[in-house]
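Multiple structures follow.
Heads up, the next two complexes both have chain A, just with different partners, chain B and then chain C.
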Partner chain A sequence: MSDTTKHFDIVIVGAGPAGMAAAVAASQSHRSVAVIESNPWTGGQLWRRPDAAATPRAGRHWHARFKACKAHLITEASVGDSIAPGHLLVETPASAFNLFYDRLIMAVGAREQFMPFPGWTLPNVFGAGGLQLLAKSGWPLQGKRVVVAGSGPLLLAVGAQLRKRGARVLCIAEQTSLKHLVRFGLTLPRLGPSKLWQALVCQSQLLGVPYRTGYWPIQAHGTDRLEGVTLRRANGATWNVTCDMLGCAFGMVPNLELARLLGCDIEQGTVRVDTWQKTSVNQVYCAGEPTGVGGMDRALIEGQIAGYAVTDQPDKARALFGPRQKTHDFTRVLNQGFALRDELRTLTTPDTIVCRCEDVTAAQLACCDDFRTARLYTRCGMGPCQGRNCSTATHTLYGWETEFSRPPVTPIRVRSLVDLSVEKE
Partner chain B sequence: MSKHLTLSVNGRSLTVPEGTVLAVALAEAGVTQFRRSVKGQARGPLCGMGICFECSVTIDGKLHQRSCQTLCQEGMEVTTDE
Partner chain C sequence: MSTTYDVIIVGAGIVGCACAHQCSQAGLKVLILDQGPVGGQSTGAGMGHIVTMDDSPDQLALTHYARRLWLELAEDLPAHVEFQRCGTLWVAADAEELDAVKRKVSVYQSAGSKAQVLDARTLHEEEPHLNPAMLGGLLIPEDAVLYPPNAARYLVDRARSFGAELRTGVAVRQIGDKGSVTLGDGSSVEAGLILNAAGCGAPALTPHVPVRPRKGHLVVTHRYPGFVRHQMIELGYLKSAHSVSSDSVAFNVQPRATGQILIGSSRQYGDDSQTIHHGLLSRMMAQACHYMPEIGALSVTRTWVGFRPATPDKRPLIGPSLVSDKVWLATGHEGLGIATSLATGRLVADMIVGRTPEIPIAPYSPARVTQENVVHE
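Right after this comes the complex of A and B.
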């Protein structure tokens, strides 16, 4: 087999919790297994490698199991395209190759949801989890004044972590009202991860970081970098905070580009799968966040089920159906508890940038009826991120749907396309 | 003691511990503007996970490389849009 062609019985895209669990499960068979990961490290966003010393016990456990399993790992590898069933075009910094599989598991995780507001493109305005990831990698935070804003349980973890790393966390602004939060908190004990939630809340209180519910950012101030942020609350009162950094995100949304490229059915923003984690496309499976954002527990369980299913170990998979249901209940409660308030859809002014790659403003998009028209007339979604940020934003702002992924789903070198022309059968 | 390596950022040399993520090395070196947008606005990292491309820099002549997903290498030549 040449350098530019590889074949494995099972290919797993993504080496986060779901992908690692899938690899461990699939490796308990006689099939050949490969895992491709776009980062230089394994562990996904939750357990990323440069932070190995601070990785929690579950992460160390799964890293050890993953390392011990026989799966072949290819890092810094992105899927650019798929031109036939069973084929992926994969690119690494050094080369590109055609990767053929019998069965595929997509374990591609989720990203943060950003909502455009004036000033959100300024340097030092980050995602909330984004800032946490950079902090884990050593981003300088000592003495920095930071505001954490947006929505979801993650904000508390972010605030606590930033503070631990020397930042002055001025406040955590959660858009959800206290009423919704209390309801969420009351539902949790039945669902398991409550310990995590309690630990986070307690930790946050102990640290003395103000946690303000029913607040959201309406403007980031600064010229060439962030200098402050204005927060608003439901009664219309505003509050200006001078700060060096803002970590802001409104929950997580699944990464759907690969599923769309392969033609998998998407339902209500998630990849539709059956009890074996199989998608609507033959031989293609999906596990973790793309089937519904539910965090680590869900990713690990679905990853294992998919790994067992693709290697014909149904009994082992079936044993995890019960635990999986519990994590699905958690997803439902999470979505209800942190539903976005309508005010967040009205934060843009005419000159607020919605598509950051192509600098397309809200005023330009006001003339468009759908995402396709916006692409054609404004270049919205045509930049390097391929609409990953603005498709979510325009869906939330204007209700636009994205039906397809336009290959390449990640930017690849023209050289790779030329080198790897594969004949369609 | 961990090993160190030296790279070049906009022509200035920078020494960092092995395993340092490039975006972090740039921040340590005082860079806030990683790229200029198509209309010339200053931009820096947003998502930290390879989604948004706002941390893109030029590495060894290759454009649009995501610094948040790149580990520093000995002799690497990095250019940001100053």
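Right after this comes the complex of A and C.
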């Protein structure tokens, strides 16, 4: 085995909750296990290691178990391409290597959904997750006037975090109406044990912060940077709020690029898996958000099932089928409850930018029939983010599907393509 | 259905679009059909290099004429066509290639094209990131680059302004000898003349069309404005592109208007799959790193493959087919479809309406290819 070649029985892509749980489970066998993580830290977006003190108990628990297991961790390593079944090209800051596996678990998580509306590209308009990262990384927030808008439980978590860092959270605007939330029973007791805990923590931080249901942002104002936001409600009333920062969260969407590259079946925006978390492609498994956005509990359980399944420990996997079902049921309620309202699909004006990388406006996309022609004629989705943001936005706005991913999955150096090996190990 | 069209053009790649533009401008009633979107096949996959090439006098005549037409059109082109007259720089890596530069400069100049020999110092001033070991080059300053799908779209929009009709998403199942096309839904449309401009798809619709797909790989990087200033090609390309028997790679880079860099090229027969041949891709990138060592550190956003419609003698097929005088061809441009599309459109329209073409058309006549010699080398 040379420096440019590594072989493991089990390779797990992603060291978030699903990947860590998969590694812990798979390590209870005598197979060799490697975890590839593109960030310098483990724990994914949820449990960033550098913020260990603030990491919730579940995060500390799984970090400890992960650290104690025998899985080989390779951080700052991104999958560039799939060279052949069982063979990935992986890049690190220093070099590239050929990674051979017998079985693969994709635990690649989800990303924020961005919704284009007038002004959304102004400086100081952030994705809520981005704002959360800013808060965690010590960005000065003291006294900053912040509005958090969008949909889902993440709004509360973000609001709480910002407030803890001294920001003045002027309001949290949830696009779902209160009536709708009540109909789906999305009141606190429904949010399950660990969720209840999270929600209570949030609430204690959020005392006095208005939580407005049935409001959504229609325009961010400002010239060089954000100066305010207009929120709207279903009866047509609008509300202008002067603020320094706007955090938007319209839910999460699964990362499907690797699954597409490997040829896995995708149904309704999620990777199709069987009861063992196995995809339609032989030897390839998937756990966590890509099979359906459902948060930490679902990711941990699916990760373990996949980890047991790939190492032929079916009984241990089977024991988790029941708990998994509960998380799936919960996910369904959550996704229906926080479904985006149709009004959000019609906020763009002709000059609203839809693809940030290539500065493509809604007017330019008017000539296009689908994502393919948009790519062809406007370069929408052809920039450095490789369409990760605008493919989701155009799906929501226009119903366009993204049917394929062109490699590399993540940008890769020219030199790494030279170093790839086409020889079987 | 009665004949309502003078010409039906099958294929809305850049060649079909250029033909539609010229034919409709000449007063013909044109229908252009494509199974996919405008410029969605080879046109969308290619580099978009408006290059003059001197493999043969016929090739030089066609590419030189075509470039003149592009330069005439240049100021009308909308910004999103991204037409840039960046020039072609042929890079000489050894003494043999440097000798070739000296021969080629007079060939270009005698054809009326500007051409300039660069010594090593000038070469490196023009392109500071080239490997210092490169010995010199040949600069063809009037060559250009553009963004092909939007160029095709511009041409078809011009055609429509002259009354042409465009129907995309319509598959053509058959071309009839007597001037008709059968569509995917079984219906048929008649015209005085059917022009098969279906690129690599042409042989499936017209017999005895000696066009084979020649696969190529391309890579595009993030934005690095100024890293590459000219379309650069290694002179060794002439050796590798000539070899039809084996897979080959050559150093070929292009600065995009966006600051991105397109990196090619590879040539492959006998692989019609859409999958990337990683061995060839690796060789292609090694060649790029040899010519521009610092390119190795640049970040690749996408890699893809495309297919060039290649003929055995490297000349396109323009004019009446062997099948019928009602079925014409405009295909087989290999890697020069973007470059020579405007000339092809002009020649086709000239022939149909009886104008005198500006360059001899016989070298591109499909009649040159009889059944005996359709075998590729």
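The criterion applied here is as follows: the second predicted complex is superposed on the first by the 402 of 425 C-alpha atoms of A that agree within 3 Å, B and C clash if a C-alpha of one lies under 4 Å from a C-alpha of the other, contacts with A are read in each partner's own complex, and residues count from 1 in each chain.
Note that in this section a contact is a pair of C-beta atoms (placed from the backbone, for glycine too) under 8 Å apart; a residue touches a chain by one contact, two chains touch by 3 or more.
If you're wondering where the values come from, they're calculated on a predicted model, not measured in any experiment.
Engineer: For A:P411 in the superposed arrangement: first (chain B), second (chain C), both or neither?
Structural biologist: both
Engineer: Between chain B and chain C, whom does A:D369 touch in the aligned arrangement: first, second, both, or neither?
Structural biologist: So A:D369 only meets chain C here.
Engineer: Based on the superposed arrangement, let me know which partner A:S38 touches: chain B (first), chain C (second), both, or neither?
Structural biologist: first
Engineer: Please indicate which partner A:I83 is in contact with in the superposed arrangement: first for chain B, second for chain C, both, or neither.
Structural biologist: After superposing on A, A:I83 lies in contact with chain C but is clear of chain B.
Engineer: Thinking of the overlay built on chain A, is A:D297 touched by chain B (first), by chain C (second), by both, or by neither?
Structural biologist: neither
Engineer: Is A:M382 touching anything from chain B or chain C once the two structures are fitted on A? First, second, both or neither.
Structural biologist: second
Engineer: Quick one: classify A:L420 as touching chain B (first), chain C (second), both or neither.
Structural biologist: In the superposition, A:L420 touches chain C alone.
Engineer: Which partner does A:P123 reach: the first (chain B), the second (chain C), both, or neither?
Structural biologist: first
Engineer: Do chain B and chain C land on any of the same chain A residues, and which?
Structural biologist: 358, 383-384, 411
Engineer: Give the list of chain B residues in touch with chain A in this complex.
Structural biologist: 19-21, 23-24, 27-28, 32-34, 37-39, 41-54, 56, 64, 68-71
Engineer: Would you mind writing out the residues of chain A in touch with chain B in their complex?
Structural biologist: 38-40, 45, 50, 76, 111-112, 114, 121-127, 129-134, 137-140, 224-225, 255, 353, 356-359, 383-385, 388-389, 411
Engineer: Applying the document's contact rule, which stretches of chain C touch chain A when the two form their complex?
Structural biologist: Listed in rising order, the residues are 37, 39-40, 44, 80, 149-150, 153, 219-223, 258, 263, 276, 278-279, 281-282, 285-286, 288-289, 295-304.
Engineer: Residues of chain A touching chain C in their complex?
Structural biologist: So the residues of chain A in touch with chain C come to 81, 83, 358, 369, 372-373, 376-379, 382-384, 386, 406-408, 411-415, 417-420, 422.
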